[in-house]
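All chains are identified by letter, namely A, B, C and D, in their written order; residue positions are counted from 1 within each chain.
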Amino acid sequence: MFGIWGHNSAAEITYYGLHALQHRGQDGAGIATTNGTELNIHKGMGLLNDVFERAEFSKLPGHAAIGHVRYPSGGEGSINDVQPFLFRSQSENVAIAHDGAIMNKNELRTELESQGSILQTSADPEILAHLMKQKGRKVSRDTIIEALRKIVGAYAFLIMTDDKLYAALGSRGIRPLSIGKLKDSYVVASETCAFDIIGAKFEREVMPGELVEISDEGIKSTRFALREQRALCAMEYVYLSRPDSDLNHVNVHASRKRMGIELAKEAPIEADVVTGVPDSSISAAIGYAEESGLPYEIGIIKNRYIGRTFIQPTQELREQGVKMKLSPVRGIVEGKRVVMIDDSIVRGTTSRRIVRMLKEAGAKEVHVRIASPLITDPCYYGVDMSTKEELIAANHTLEEIGQIIEADSIAFLSVDGLEQAIVKDKTINQGICNACMTGKYPVTYNHVTETASK
Amino acid sequence: MFGIWGHNSAAEITYYGLHALQHRGQDGAGIATTNGTELNIHKGMGLLNDVFERAEFSKLPGHAAIGHVRYPSGGEGSINDVQPFLFRSQSENVAIAHDGAIMNKNELRTELESQGSILQTSADPEILAHLMKQKGRKVSRDTIIEALRKIVGAYAFLIMTDDKLYAALGSRGIRPLSIGKLKDSYVVASETCAFDIIGAKFEREVMPGELVEISDEGIKSTRFALREQRALCAMEYVYLSRPDSDLNHVNVHASRKRMGIELAKEAPIEADVVTGVPDSSISAAIGYAEESGLPYEIGIIKNRYIGRTFIQPTQELREQGVKMKLSPVRGIVEGKRVVMIDDSIVRGTTSRRIVRMLKEAGAKEVHVRIASPLITDPCYYGVDMSTKEELIAANHTLEEIGQIIEADSIAFLSVDGLEQAIVKDKTINQGICNACMTGKYPVTYNHVTETASK
Amino acid sequence: MFGIWGHNSAAEITYYGLHALQHRGQDGAGIATTNGTELNIHKGMGLLNDVFERAEFSKLPGHAAIGHVRYPSGGEGSINDVQPFLFRSQSENVAIAHDGAIMNKNELRTELESQGSILQTSADPEILAHLMKQKGRKVSRDTIIEALRKIVGAYAFLIMTDDKLYAALGSRGIRPLSIGKLKDSYVVASETCAFDIIGAKFEREVMPGELVEISDEGIKSTRFALREQRALCAMEYVYLSRPDSDLNHVNVHASRKRMGIELAKEAPIEADVVTGVPDSSISAAIGYAEESGLPYEIGIIKNRYIGRTFIQPTQELREQGVKMKLSPVRGIVEGKRVVMIDDSIVRGTTSRRIVRMLKEAGAKEVHVRIASPLITDPCYYGVDMSTKEELIAANHTLEEIGQIIEADSIAFLSVDGLEQAIVKDKTINQGICNACMTGKYPVTYNHVTETASK
Amino acid sequence: MFGIWGHNSAAEITYYGLHALQHRGQDGAGIATTNGTELNIHKGMGLLNDVFERAEFSKLPGHAAIGHVRYPSGGEGSINDVQPFLFRSQSENVAIAHDGAIMNKNELRTELESQGSILQTSADPEILAHLMKQKGRKVSRDTIIEALRKIVGAYAFLIMTDDKLYAALGSRGIRPLSIGKLKDSYVVASETCAFDIIGAKFEREVMPGELVEISDEGIKSTRFALREQRALCAMEYVYLSRPDSDLNHVNVHASRKRMGIELAKEAPIEADVVTGVPDSSISAAIGYAEESGLPYEIGIIKNRYIGRTFIQPTQELREQGVKMKLSPVRGIVEGKRVVMIDDSIVRGTTSRRIVRMLKEAGAKEVHVRIASPLITDPCYYGVDMSTKEELIAANHTLEEIGQIIEADSIAFLSVDGLEQAIVKDKTINQGICNACMTGKYPVTYNHVTETASK
């Protein structure tokens, strides 16, 4: 998500901001702008580059914009699910983008439909729109807050009307959301890497339970929930965010390198070479190598040109040794004892494939070191992970996992180690959500998390 | 370039092989196959993924194939320039792919046209085809050798007929070309990374002046030129090849790391952090950091999603600070003395942009260290570099270059340092071509290199 | 519009039915199907052929379907305007297609929004959906009738729920809508040509003010408005419908031929040859020729291959004589006195272009005969015509029109002549709407038609 | 084919000229232009509208152009077969377009390849190019004539060099080719309808065995073969050409109407209504109706929107009565005795389908009247017809044909009747080729027509 208020080229700036955030969603992209009287939008399926051409910008005039790149969160995905969502009425226009998950979505939908509301999709922005506009009211700070208080979940919303841009973060701040300044304009983004690409400066984090209101009169802040301990999603640091982003004042690459360093302290091993699974494990691998004194080498390489249209090898060719996304570097691993650093293990199938690949390329030993703890519980906050049944760590001991993925040894970073690698300064509310590793959910909603806690 | 003989899924294997070679050319791609009686081909503009869909494979039957990814070597580029080239006649079919440059192309063309030949393009494969088939002869080892002896230049050819696959390398071996084995099949590729992706094993290099003939009867070798010192293009190691490839028995990543190590020895500097310009300078940066004892960090990041359809920022937005391909990581470089490692400097414009970008992001000092020597002379062997007028090192002193790119200090790796980093074992003919750094051209042709030597 | 209930291949049949109706709208197309529990839809911009591929049908399972081809009724047109519209709620699914115009749209929208409804578009089907589902009620005969009674306008609706297909026609029957039978299935279509293409037999017209309910239990009829004189749009006969359709028991080609015959009686002229402006005036031209005894010849030809992507000639080339859609046949018209039959004149610009074209091709005289009366008033019922300011006949005398279009003589069919050509049997309620020729509007709504009557 | 010399907007004019000729080939299209020093070309698969966008014209500068629309003459068809063909050499550029067939193609190819020529395709223009440029000569009147004398067949060539446009017609003038004038420019086209669309005036026919040379110095004519009786393809009149074209001074629509009149005289029948199979039989049907005194009605309608991407109905749906291209008009044919006029019968399958369709729609009797003679022999001159085995009239008596197509009666126009309908003025060399109806081939080549004559 990206938003800007007060810039002549709002749509273009948003395009570049979304480019920096493209890793957060490759399924669809959209930008909505306002010039004070009318909202315009352009959106489509696919990468930003597939959706936008220069000509689009002339159809997106205005001094303010919000944009979104879509992560496929289940279902087939269609243009109808691509955000932002636009709601035009005779009296006003509203655009909404969302990152996160509403846990009581079904209950809210039932209530709205029983009152005669027609919901065109099951998407979160539409739920929020109907809640805000109940009884024909216009969107304002008050109607937004009233609506947000009905919503249970982990969320970050951008809401743009004809004359204001609102940014709202859920009560525990599970989703990331930062504010920056670009000369006289305010920008809002999921990650600070979007500020660097456009030349903006980081200003501050949106706080848990805060509604920020940006307009030509500047910025106003309202708190709609009690001040609570921040619980920023740990997986953002582990693999979701870009290494160059700062999340809640912590640089992601640096945190990953520290995860590698902690891991080397917790689980050292005698070996010849350290290698990381590209791309997100490279920082941790460099950290592990640095701490362990072993050389860091490129033992696994990622094919950069595998896109949407890549033709998957047939089962037969895969068995004959044809690789897809990753391939081993025989010249590096042949005859060597390899420490293979990965950022996390969800189902274990990818890890086993990589271990086998390294051995087939001649590695003598493969020692798997995972730079995050065992994932034992599902996420209800919008991060697409597997169900409990599919999570290897929810159903197997550490020893079994090592056997399943065929590693010569295996170790995971401890929960404490992870926290140490990330949280540097508790005075600025730097807590993380590690529910998927501990089962301790910071936000709960009866039927959803009850099931989970069993 | 990639070729295979003796595999049921020749077209698919070639597709995966070309995937590993995609970095060598993104402008066009093609695959030709033979089933012994007829040649089929599919080619198109753009990336391999844009050109091929699964359905294509069923139209490319056969047990042998050659494929090519095209690098835009001047001109607009059209489908007519995409290789392989196919030549069907009533008596036989021939497909040809080429990597390199024919220096006496104009003279050969004049001669052919004066005999009534019609050339549809000015592409090298067509020149070779006409030379081979003069007077209506069929393609054979003899006609190929006769044709190659008329050609002056740096070249690697793959020639596929109904019953044979030929691989030919120019007299000094300037272009890379390796042979591998995939079970009972032979494969030929520009880089060994294409072997790793398909599970093949490296067998040997094609030698300078060697014509290799692969058929159902196995492999035969003929030498068509005197044995000479190998002069493999140094820029393949510096930035052209993939880090996981072995060229002439030397791993590219390892050679780059050694370039960084040599550079740290030759040109140390007091600083806080070492960073590399992605992607090709990362290995050298890690080497420099290792040797110098400074920490390696991600100070510059590359936007992965910039493709053919990316919208370039307007001049106005660029001036306001919007970045395109690369952006700085403010959290890493702010207030720091940064060693910025790049693989080479051609015109200097990119380097200046990066130095400025780092300073705008708060770097206190930027020390530029280039992991290859000054490029002072043009390449006539098919590597697309600038003309002498455009080469910054051909027209400026080292000091001037430092000023132009606004670096606080600057240093280049020495020619000796480069050779030490690459050549490890002269007994296996590991010489390199460094003509673009020294003006010593291993292959010359009157009007072409005479101009150069002035 | 096309609908079917009770057929295994409902989507395919609808595709072919819509093909026969493609002339009614080339801007967009869509088909929705139900299998009793879920509704599926596929729609897109452009011609049916552009929107549908065979694979789509497998995603449109079910025994019932409704489809629509869209005529661009103002605005740019976007995928959001393409029908049918789908409304999914937790309790039921509804699909709606519409032909016509709701005259009190703004008033209904204001009322709905003041109650908290969010309308995503300004399209008629969405107004109907909200009216039907007010207070969270399910769609049924009663809720449909209650909603229709709030709507003022000329309309034909198809409404498909999980278990029923409804067809509704406005109180005066201004829009065409017929029922057919295909073995055991019921089909509904705007024109009977859609029955011929699929091999169905015409059953009966939907009557003014009738709601037809089709389900597995057969067909039920409810009258929601008083029985009134039918006022079927005369322009459907004049040029909108396909010549092979029967509208309200009158064949369109035959009615056009009679218009030509009546016109020859009312306005004979001494001439050498009769020609028609393709395509819709050919039938009238043949009628005129038959009655007048003059030979019918092809004096004007239409370029069949002018589609969406046709490049319009520049002004300069047009002045040099380059034709676009129509060109004259010099061999036929050179030196002749030509009777040029056209179906109607709206603004007069096209007519003038054709007259000039014929003269430039050598016609000695051009006598314009129009097979319908002068159009003096705008249409408020969904037929896209010009505003009163643009209608040539609203602002000029017959003599002036003749001068403006540069005809040697001009005549229009009389209002009586038109009625005689169309209405053959008043016992079956065969009245027509000729409001655009007489200003007598069969359905009125205060602010809309008051303006008109001035 | 279309060509122009001496016009600023040569490419655009050619685009519009080709539009008028689009019915002659929908498989591919191309335009080549010259500005005196360089040739440019743009071509592609599909309709003209698919291939050209306005931007293309700026890449096609020059005062002269030739263009071509491709009819799929066997084979899959690929971009390589689309004309014009371009041949660039160091000394000159040549573009060639062709309509017709070279009968001794294989022999010429063998001869050329034995001399070392490489032919990239098996297309006629390439044969001509190699013949013209043998021994490295430049293209001139002399080399063209020398080449044409080696070619046996029916052909019309357009040859454009840097400074001249040549038009050549085979010795009997089997293919149509006319010259027109557009102000100071000369234009050449297969049919005169291309002149009408651009506002040009017909000047004269290219004569059999004539080579016309157009340049800035005007027009020159050379005869390269003895003057012989013209034998213009009769099928051009029967169905290939557009009704508004004049071929060899005879209007096509008028000739078709006369075919209908002759047919009515030769084969009258008692019936209620005359209808034609759209589009090419409408003129003949009007003629038949006029002569017989029966009313002409629209009993069969053609779906205008069936293009390349139309989804063919499944066998099952076809059996259920779903129509594809043509549908019957039940309101017209039900209970009637119908005379169905068609232009020709090749295999008979289409005719049977239409007869059945009319009967299923309620026709009491269907009397088939064909406005051309029985087709008994294959065409070797480039018109795509069936082989002798497939021609219904080559293998069945008239009576059998009637039974096969299930007609109540059947009659064909006589060979004499056809000639009378077409040839009006023998003093201007108006002979036709009716080889496919009589087996009398005007141009013969040993192995080809010997087989035929058996």
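Throughout what follows, a residue touches a chain if its C-beta (ideal position, glycine included) is under 8 Å from a C-beta of that chain, and two chains touch if they have at least 3 such contacts.
Computed from a predicted structure; not experimentally measured.
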Most distant chain from chain C, judged by the mean position of its C-alpha atoms: B
Separation of chain A from chain B, taking each centre as the mean of its C-alpha atoms, in whole Å: 36
Interchain centroid distance [CA atoms averaged], chain A/chain C, Å: 50
Averaged-CA centre spacing for the pair chain D and chain A, given as whole angstrom: 62
Residue numbers of chain D (touch at least two other chains): none
Pairs of chains in contact (touch as defined earlier), listed by label: A-B, A-C, B-D, C-D
Chain D - residues contacting chain C, complex: 9, 12-13, 15-16, 19-20, 22-23, 47-50, 52-54, 57, 182-183, 192-193, 195-202, 242-244, 246, 251, 253-254, 283, 286, 290, 295-298, 301, 303-311, 313-314, 316-317, 320-323, 327-332, 360-361
Complex contacts: residues of chain B adjacent to chain D: 79, 87-91, 106, 109-110, 113-120, 126, 129-130, 133-137
